[in-house]
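Two complexes are shown next, each including subunit A; its partner changes from subunit B in the first to subunit C in the second.
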Partner chain A sequence: MVQKDVRRLTLILLFAPFAMWIALLIIVPHIGMVALSLREKVAPRVYEFGLGNYIDFINEPIYWNTLLRTGSMSLLVTALALLIGFPIAYYIAKIAGNRTRGALFLLCLIPLWVSDLIRAFGWILLLRETGVISTFLQWSGLVSGPIEFLYNDVTVIIGLVYTVILFMIVPLVSTLDGMDDSLVEAGYNLGGSGFTVLRRIIVPYAMPGIVSGCIVVFMLTAGSYLTPILLGGKNSSWFTEQIYDQFITRFNWESGAAFGFLLLAFTSTVIWLGLKLSGQTLANTVAKS
Partner chain B sequence: MRTKTTIASLLAATMLVAAGTAQAETLRLLTWGSYAPEELVQKFEEEYPDIDVEVTFSNNEEMIAKLRATGGAGFDLAQPSHDRIYAAQLEYDIYKPLDLSKIDTDAMQPSLLDGVKANTTIDGEVYAVPHQWGTSGLMADVTKAPDVKGWGDLCDPAYKGKTSMRLRRTILLGMAFSMGEDPFATYSDLDKYQQLLDKVADKLIECKDNIKAYWKGGDDLSAMMLSGEIVASETWDSTAYKLFDQNKNIVFIPPETGALAWIDTFAIPRKGEADDAAYKWINFVLRPENVTIMSASTGAIASIKGAKELLPEDKKAAVNAAFTDADIDNLKFFANIPPGVEDMEGKTLEKIKAATGG
Partner chain C sequence: MTETPAYDLECHGISKSFGSVRAVKDVSFNIPSGSFFSILGPSGCGKTTLMRMIAGFEEPSGGDIRIKGKSVLGTPPNRRNVKMVFQHLALFPMMNVFENIAYGLRCRGASNDEIKRRVQDVLERIALPDVGGREIHQLSGGQKQRIAIARCMVLDPDVLLLDEPLGALDLKLREAMKIELKLLQHQFNTTFIYITHDQSEALVMSDHVAIMNDGNFEQIGTPQALYHRPNTAFVAGFVGDSNRWSGKVTASDGTGGTVETAQGLTMQFTAGGGLRIGEGEAVEIFVRPEFINTVRAADAAAAPGDNHMDGVVDSLLFNGANSRVLVRSQTGELIEADVTLTGDGDLAPGEAVRLSWSAQHAMCFPRSGDA
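== the complex of A and B ==
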């Protein structure tokens, strides 16, 4: 009897910090945001309950275009991160020796020790018109005048892939690490080509890592603020910038809160769709990785 | 005997410390970057040893957002621009009325004081007094862009890909003036103002092709200008003065329609807890000997009489290179922003940013 109580108490104590974290920092603020997003300003200091902020969003093409743009660019970043990250992860987990594996993993982690802001400034120094790359190209005689690499969508995508690729590599390495080499060998022995082995054995095995990596990367990209702002040009709007503008520049907290919710709903829908289309569920992928 | 004196002195010391902590006050300043130079803060703390100064740097929009989040708590003195007080106070009630008898208003330049008072009086109560003023206008490298005279010249195809501006309300107003309109006059009729904004938006969207990038803060603007990546830009005068110091070819140019002038003010947040210290700071920084230190750091001109003479030498040279007396007469002071205008301007700016004209 006493033992049971002790066990229950232990469980409660262990669970408490997590529950408080979720409740106080996630659920309560979000309820506040929902309430805020459902207020309509009718006059100074006078508010009414209503869906006006959401209706504004639907009626204004600029807003949903920006959201779609952010979504599609985030998907592209996720795909690129997977394409680039998968070979790296495979090399670290399967090909590299025990000692180099640790070193390679560390090399992947090092950029994360520097803040987002500094990394973005690093790209600015490299890519600006009077920056390192442009100067080098001119010096080597490959181009005659200075070239501006900064301030366009390609730069934004490069910067984002660089920022988030680690979150793709880590789960991939940990799933691939658990794969028995004999599976691959068996595939070759049965006459499979390299591509067949990859498609029929490695990728299905790595699926939990791929799905969780993609979810994390997509969420991080769609919600990032600094990189698109600093590297983006005069035409590149990002949805988080839109939210910031509503809150800070236009003092319109109500529609800022509504936008925040729309972003959350949008990214959740995309992930749900992605899981449905690829025939995966959270239970047999993310929970396993 | 000896131990007794030791104990007694220890006791006395503890009491002194206790008394000291009881009186110590903290003045929490919410102001612009460079508006509280370390030298001045130290001097102030020497003069009033029982006041500690804590400084938070911000900008107009963030100041209002911060104070709005707490209902005016967390800071004891704020420095928004004169046109940003009336609507913010009406909507969010974040400031408290000033006690003008505690401020040395006689030393202030009457035109600035009256201007700010007129802009910030609600129900007979005054909510702000002027601190420093400066302008927004253009700057150009005169060797590479000799013909920049007005706001519209930023869209001159001769400087294609080599100009910049900040995508905020200043450029909307500046462009409106350069198109021969007076935006401040249409504030009273918001429909008319919307029409004007639409016209300005069309012009700025067309102009996008000419712009290299929109600058976001003084630092990225300085970097683009000094490296020669751009040759002309919309700017704050203080940023241009700093660059003039490093490259004499980069000068501030008051647009021919008049530079847009702002006055940064002192306002006390509604739940400020150190009003006396705040008044002391206001009077302290407006003393002539301290004005020079402040202007050296900010590049702006204080609101007291004869302030131009109190500028440090390098800033004086930059101001004289930029402004003639006629330019000063031609200044356009930002008019109070009526409620609602901020939202209309915000939408217009979004439209410009999202357009793929260039």
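== the complex of A and C ==
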């Protein structure tokens, strides 16, 4: 009996921090936000229950345009991160020797030691009108005047891909690492070309890693704030910026909360669609890697 | 072997080095069409490297590989009509059985109708007509084995390579698969090259066996020839069980004579592998347990054979028809001899016995370093 109690106590103690984290930092605040978003301001300090904040969102094209823009650019960033990250991950997992593998992985991790903010400022130093690249181009005589590389969509996308690509590489490496080399060899042996082997064997095998990397990258991108603001300036029109505006500039917490929920619902829908289309489930992708 | 170009695979002076390590050293052999050929050797002898060169995954450092008379050097693995059954089979886990078998046909650009027909055909030939829709993880070990072979055979390869595919199976299944593999090979009538370190697999299934050691072929021959007429001390020691002595030749006419072992036993020997062994040479003597006759000391006079040794039964190793007796000789060494145990009046530990064997069965090879 005593042993059973001890075991139960251990379980409770081990589980407690996690439960508290979920409850206090995720569930309770979100309930508060839902309640907040369903409140309509009818007069100063007078509130009524209603869907007014959500209706406002639908009626104002700039809001949902921003959300769609954020969504489509995040998808583009996810696709680019996958295209660039997959060969890197394949090299690390399958081609590099044991020692280089560790070194390469470390190289991928190093940028994470620096905060997002500093990394964004690094890009600014490189890309602004008086920045390194512009100066170099003028010095080499390729252009006559200074060029502003900042504050456009391309820069935002480059910056975002750079920030999130690691979260694509890590799950891909761990999935590809588990692939028996002989599968690839069998693919060639049975007459497959390099492309066939990639399409029919490597990619299907790595699918759980691809999907899990895409989910993480998409979520991070759609929810990112610093990089689009700093590299895109006012032109970036990122949806998180709208949320920030509602909360801080307009002091309209009700609307901000509604926007926050819309972003969550939107990204969740996209991910659900992605999982349906790729025939994967959360259990065998994110939960595994 | 005939001189007609009836060889499915010819290797001429194949060698392979990894840095300063020579994994395969100047190996040559020909494999006649439709035969079951095994390469048998201890782990690390280079047999896997040799096979990977035939499949095209490694480029040989020297020599030539010909398949159906055509050199395949420089031909990438996906263009060679050599298919391979991998050690862990390497069935594609994300495809079902049908797609696994269809993969190679799809790579060739076969039509859907043809694929359906040929996959069904090969599934029937391996006696698993209804598993097409199953996933790989739903198959048993033996079924996976057969699917892996079917996946190759559906492409009508010139040569099928098998890399110790039975290693992962349990003993009972392995015994059954040995026979099945042999039957499949007969049925498909394709040249099989079977790589293994398990001699019973090689001996049971093969038409010809090559014994490989340290990057070289020690001997190529039928299983019977390897067993009864080994050419080198390594082959004599590696294939089958042997009692082994080392000694010095005291008298010899070249092909046979008398040897004195390090323990002080004198015996009549025959030089193995057609070698000539002169007087005073350091040699190793191999005597197989089944050629040693064991009689009780009381009947010692009746013991046949050229060589005799008296000893005491140390223990009986009962294993049905393959039972053995361990005899401790007067000089203290243990000798294994096969005996028939009938369960009635058998030898018992502690009994004095006389062992005898003929000079013909005491094969002698010059001592070759560490072999």
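Methods note: the second predicted complex is superposed on the first by the 285 of 289 C-alpha atoms of A that agree within 3 Å, B and C clash if a C-alpha of one lies under 4 Å from a C-alpha of the other, contacts with A are read in each partner's own complex, and residues count from 1 in each chain.
By definition in this document, a contact is a pair of C-beta atoms (placed from the backbone, for glycine too) under 8 Å apart; a residue touches a chain by one contact, two chains touch by 3 or more.
Everything quoted here is computed from the prediction, not taken from an experiment.
Engineer: Mind checking subunit B and subunit C on superposed subunit A, clash or fit?
Structural biologist: Because the two structures are overlaid on the shared chain, the partners are seen to fit without clashing.
Engineer: Compare subunit B and subunit C by how many residues of subunit A each one touches, and report the one with more.
Structural biologist: The partner that reaches more residues of subunit A in the superposed model: B.
Engineer: Would you check which partner chain A:62 touches, where first means subunit B only, second means subunit C only, and both and neither mean what they say?
Structural biologist: first
Engineer: Could you look at A:122 and tell me whether it touches subunit B, subunit C, both or neither (first, second, both, neither)?
Structural biologist: Touch status of A:122: no partner.
Engineer: Figure out whether A:111 sits in contact with subunit B (first) or subunit C (second), or with both, or with neither.
Structural biologist: In the superposed model, A:111 contacts neither subunit B nor subunit C.
Engineer: Name the contact category of A:223: first (subunit B only), second (subunit C only), both, or neither.
Structural biologist: neither
Engineer: Which holds for A:245: it touches subunit B only (first), subunit C only (second), both, or neither?
Structural biologist: The first partner, subunit B, only.
Engineer: Considering only C-alpha atoms, give the closest distance between subunit B and subunit C in the superposition, rounded to the nearest Å.
Structural biologist: 46 Å.
Engineer: Take the contacts of subunit A with subunit B and those with subunit C, and give the residues found in both.
Structural biologist: Touching subunit B and subunit C on subunit A: no residues.
Engineer: Once bound in the complex, which stretches of subunit B touch subunit A?
Structural biologist: Contacts found on subunit B: 61-62, 64-65, 68, 87-88, 90-93, 161, 168, 208, 211-214, 216, 227-229, 339, 342-343, 346, 349-351, 353-356, 358.
Engineer: Help me check something: in the complex, which residues belonging to subunit A touch subunit B?
Structural biologist: Touch list, subunit A to subunit B: 44-45, 62, 65-66, 128-130, 148, 150-151, 229, 233-235, 237, 242, 245-253.
Engineer: For the complex, give me every residue of subunit C touching subunit A.
Structural biologist: Those residues of subunit C that touch subunit A are 55-57, 76-79, 82-84, 86-88, 90, 92-95, 103-104, 107-108, 151-152, 155.
Engineer: Taking the complex as given, what residues does subunit A use to touch subunit C?
Structural biologist: 180, 182-183, 185-193, 196, 200-201, 204-205, 207
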